[in-house]
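First subunit A sits with subunit B, and in the next complex the same chain sits with subunit C.
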Partner chain A sequence: MIPFDFDYFRPKTLQEALQIFREQMAMGKKPYYFSGGTELITLGRVQLAKADAVIDLKKINEVRACRIDGDHIVLGSCLALTEVEESNLFPLLTKTASEIADHTSRNKITLGGNIRGGIHYREAVLPFLLADSTAVIVSAKGVTFKKMSEVFQGSLRLENDELLVQLITERKWASLPFVHVKRRRQWETGYPLVTVAALMSDNGIRVAVSGLCAFPFRSEKMENGLNSKGTGIEERIKMALDGIPATVLSDVEGSAEYRMFVLGNVLRDLVSELEGGIVV
Partner chain B sequence: MKVHQLELRINNEKRMVVVRSADTLLAVLRRNLGLTGAKPGCLNGDCGACTINVDRLPMKSCLMLAIECEGKEITTIEGMHNTPMQQAFVEHFAFQCGYCTSGFIMNAHSLIHNRPNADNQMMKEWLDSNICRCTGYEEIERAVKDVLRKNSQIQ
Partner chain C sequence: MRTVGSSVVRKEAWQKVTGTAKYTDDYAFAGLLHAKMVVSTMAHAIITSIDTTEAEKIPGVRAVLLGGSYPLVGEAIRDRPPIAVGKVRYHGEPVALVVADSPVLAKKAANSIQVLYEPLPVVNSATQAFEAGATLVHEKLGEYKRDNEIHPPIPGTNIASHVKIRKGDMEKGWQECDSVVEASVSLSISDHAAMETRCSIAEIGPDGKIKITTSSQAPFMVKRLISQYFGEDMGKIVVETPLVGGAFGGKAAVQLEILVYLASKAVGGRPVKLRNEREEDILTSPCHIGLDATVKLGSDRHGKIKAANIRFLWDGGAYSDKAVDLTRAGAADCTGPYAIDNVWCDSYCMYTNHPYASPFRGFSHSELSFAIERTMDLLAEKVGMDPLTFRKINAIMPGNTTPTRVLLNNSNVGNLPKCIERVHELIQWDEGEMIALDERFVRAKGISCSWKTSTIDPDAPSGVILTFNPDGTINLMSGVIEIGTGTKTVLAQLLAERLNMDVNNIYVKMDVDTQTTPEHWKTVASRGTFMAGKAVLQAAEDVIRQLKAIASCVLRAPIEDLDVADSRVFFRDDPGNGVHFKEIAYGYQYPNGNSIGGQIIGHGHYILRGLTHMNPETGEGRPGPEWTVTAHGIEVLFDRRDCTYKVLKAITVVDIGKVLNDKAARGQVMGAMSLGLSFAGRETFVFDSLGRVRNPQLRTYRPLHYSEAPEYMVEFVETPQIDAPYGARGVGEHGLLGIPAALANALSTAAGVSLQKLPLVPEMIWKAKEHVRP
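Moving on, here comes the complex of A and B:
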């Protein structure tokens, strides 16, 4: 049981959603943009999340977009992860999404909800960081387009009334070779020790990581290390590991030392796969 | 308290309920409607014991607000009487304590409806969403495969 009450709104337009948000704020209440809502429901039950007004966005057309638009892939923030998988417009994202939670939960968890979420994995963001995708954001000030590398710094940095509407990705990224690896402590369910997504671009390997630190990231320093041609693979891996941007987690899933060991092996494997053949 | 009067379509019947905005579908099914087949397990979306179908897709009713279901078609285990999947679970003795059974049946029923040609990998992916603490997975697998096989023969 969720031990608090909230008002429930189901706007049909973005303008209506923004207006409800503003009105609730003006009344001193705490509004909450809701798509899958799994985080509010599960954390709310144990009083780790709270809202006075839930604004359910699923009836708004723009947040349900799922299409090719010229040279771009347009994905709405309120698409369920299974809908993203079934559309398969961006194969790396398909793979990444398919390893989040479980199939039934992914019928409810949404793209925007996962990226905006409070828990530190937020793996759905990894492909968008790699592909220099653009976030479409609306607020009272209007529509803004921001690069994911700009707006996602550890977490999605939105102002109070800003709403993530869509993610736009150039189609060229969807056809590149990719690797996605999720390593758990054991079995095939549960949170990861590390999740690594990588794309082979014209300029070398791009790599983004979740589960290693307290936030998902793409690190230029890591990529520079990994792409140091003329250097042995062990040195490249070492340089890549030196580029980790924050403290490595040490928790019930695994120690920091073990996570580094696992990540090193994953990087070695993905270099081999993306560059072809055995890397020495 | 924020309450709403909703008309929910459940198992091909219209049911009127008065719910709080914050009531989960699981709570409303069990408390307001007496449909106790959906089981409260983890209440956190992990175990799948509360799985029902919403517009023919499996959903964990602990992860859903009742108010989100307005205008949708809800099917619970009580609506599965004499369906092929229910029969298969009986024939293959695909249960031990039975607590997880309704969730498994609802997920598997949706699988055969939406993916009638599901291969082993797809079946595993879908059914990974449910946990059987008695570890009766072999019998459950046999039951689901039996329905898939019979359906493919009909096709």
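Moving on, here comes the complex of A and C:
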């Protein structure tokens, strides 16, 4: 039960959506871009999210894109995670998406909603960080293209009137060997203690992490540590762990020390898998 | 047997599988108002102010209730204000109640109420509560009214009740021991997480009639308690309970009913509904009790246990309510199912600043089993004996006495050695307790045993009424609540068996109302089938007598020549010659119009026989009628590096006495096992240092998911309980009892370190291993 009233809009074009957003802002209201609705519903009922005007984006074509475009994979921000999984255009993303929440929720949770979400795991971003994807962002000023590495700094850094429309990924990334591991407090359900996504590129292993700190990240320092040639695996792991960019969380899922223990083992395993099982 | 033993589909199955089954919250009608609680954000604090100004301004808000003018409530000790007064004692405690025209308005108004607190020191565990000089949760413990004179609270402490078991000669017992171990175990408070959150509706008529509809295991107790607490005439209180969507003991406590009664009173008797949102169901309503236990066991060189010293500190939370009874039940069966001549047990019900406890499936027994069974494995290891053999030679048997000195016989206890033998085979014990698959992975097995009697009120009643339809079919009315256990279907089976008729011609009234349904004390303690079943059989005798009486006139034959089957009364020696129920159940009409007899109404009742209160100094007494025994086994696949694991197999063999409905019984046992794995493996409240629950949402409080379930193996041993319906023993809870212990035993073997805390999450195992690393 959501204890606040809101107006509901369902624009058919991006321009219309942006206009409604502006109008609502001008009227002193709090507009809220909406697609799957899981976050507004679940956080709204416990007073952690609020909106005066809900702008439902589902009828806009661009945000529903799901196609190969030449050398690129184009994915709309309002695709449900299960749609992303079923299209399977980016196998690492398929794997990452398939471990978020549960199937019923993933029928509603969208790609953009997960990446932009208030709950800090935002695991769907990990493959895009690894693949240097491009975010297509629209605002009153027009369309801009930004690298994910630039626009995603812990969270998606958008201006108030900006809207994430699509994520464009070069196809070459989709065919690289990858590893995705989600480790939870216990068994197969729940938020991650750590989720690690990794790709084997020509220049070595790329790795992005969620659940470890209060935001998901890809760390060059961690990758450099992991890829430092000529050193033993334990030294590489240690250097990678030293590259963690922020405080490691201690919360109901687990302590910081335990997260570090788990991450260490996950990194060991992924190096072994991506480098062909030969670990020195 | 014709019906008993077969898997009759439950009578409410179609409603449930089509989603049309109605639960309390499904009842809505014009004029219904809605209540919403404001609950404490602190675990222990003075309420310095409550500002309701904004809430009262909202149009459609009908009343705002604060504590202060209501009597204290609570089952054993009246220690709980329905709405907090002056201070709060747990995170989630109701501090105000808003009544409004719609649920949304009520919630808006509740959200606008500002409460300010001044924090007090927090009692954050049962052990802390027990320490000398501990902060007191209740300063005026001695002044509360109470029912419990046998094990009273101790003023000046946090002890709500102290139950003692003093059996045998401890000094002699310890002298006979060659090996002694002592272990401390603990488990924190958790939730029941029933699918249906609790919900109650109350309405007070102009004639003073109080109608309460509630999702409860104990509507008859609601009637009694509302009368006792508020001085209302019992006859004016009618409590209705439709289907209940899971309860697991959590709906045996009376809480929301009191709040809606007060709310309705505050709005001139208009109907008011209060439905818990999930967070309130987890935090505010009573939860699953916690335990800190210390167990010392000793055995002679042959592995025979000679002495046990047990201390239970139950975390009953901020208010004692049912925790006092849980404390007593834990003491009564404190040793687990083992024959021990010398037993000393102190079972303390402790007040803490945690959410308060209600029963949880197993009523203290899964918790005490965890303590006992972990220690049993440690002692077996010390004695140098196989843990399965060790249990077998100590298994309690007819001729032995329980901790409360009840002499067991062939009827009042099941056959534990037989259960153990079957687990031995099913888990393939002889292939070894632990099998290394490679450097990292091992398969490991753990076993445990458990038992339980039901320590319910000695005078707890159960009654049944049977009426006929003009077509000769029968209506069965019992006060048992259908909480998902299928008990009412089993009652129909018992009736069909006794009348030797088609169970499809028996209709069961699912809803209960306390004015027209005969009382069944509470639908708890695995007593539904036993007590209501006895009442059904007596009612069956009653209708047989009446049917035969009228048939003997119609057929012009002595009663002893008649028999009953297939909805007919007929000549024993000439079955083709007789009358159908439909010709006689509403009187018999002769061809000329003359009629005899009349509507047949059957009744039956049952009250437990020979139960006694426990002696306050020694514990001696007969707390329950019979002991169901079980053996459990669990096999895990354990990763020695990561400390993660998968439960491969979970086995329960229970001496059920007699299987009445095969699939229903398996379902009960399997469901209970799943509940056990869930709280053994993951479910727990995580408290912060201020006693607040950090995970009061299903996002972070996660019961076992279907996909995480192991292979379940359920088998039955049948040692009849002679005085029970067709010999059947209680089985609703027993599948759960030893499961946490068996999991802990398997993982302790796998990890090579004794695991003495629940839940058994990988981090805890990792820490335990780190701790012992040289």
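Heads up, the rule we're going with is that the second predicted complex is superposed on the first by the 279 of 280 C-alpha atoms of A that agree within 3 Å, B and C clash if a C-alpha of one lies under 4 Å from a C-alpha of the other, contacts with A are read in each partner's own complex, and residues count from 1 in each chain.
Going forward, a contact is a pair of C-beta atoms (placed from the backbone, for glycine too) under 8 Å apart; a residue touches a chain by one contact, two chains touch by 3 or more.
Note that the structure is a prediction, hence the values are computed from the model and not measured.
In the superposition on chain A, A:188 makes contact with both subunit B and subunit C.
Of the two partner chains, subunit B is the only one touched by A:105; subunit C is not. Legend: residue contacts after superposition of the two complexes on their common chain; A:45 is shown touching both subunit B and subunit C. In the superposition on chain A, A:56 makes contact with subunit B only, while subunit C stays out of contact range.
Once the two complexes are overlaid on the shared chain, A:37 sits against subunit B while remaining clear of subunit C.
In the superposed model, A:65 lies in contact with neither subunit B nor subunit C. When both complexes are overlaid on chain A, the residue A:137 reaches neither subunit B nor subunit C.
When the shared chain is aligned, subunit C comes close enough to touch A:258, but subunit B does not.
Judged by the touch definition given at the top, the superposed model places A:1 against both subunit B and subunit C.
Residues 1-2, 4, 42, 45, 102, 188-189 of subunit A touch subunit B in one complex and subunit C in the other. The touching residues of subunit C, when paired with subunit A in their complex, are 103-104, 107-108, 111, 277, 279, 641-642, 644, 646, 681-682, 686, 694-695, 697, 699-700, 702, 704-705, 707-708, 759, 761-763, 766-767. For subunit A in complex with subunit C, the residues that touch the partner chain are 1-4, 42, 45-47, 102, 183, 185-191, 251-255, 258, 261-262, 265. Residues 1-2, 4, 20-24, 27, 43-45, 48, 51, 57-60, 62-65, 67-68, 107, 125-126, 128-130 of subunit B are the ones touching subunit A in the complex.
Contact residues on subunit A toward subunit B in their complex (touch as defined above): 1-2, 4-8, 36-38, 41-42, 44-45, 54, 56, 58, 98, 101-105, 107-108, 188-189.
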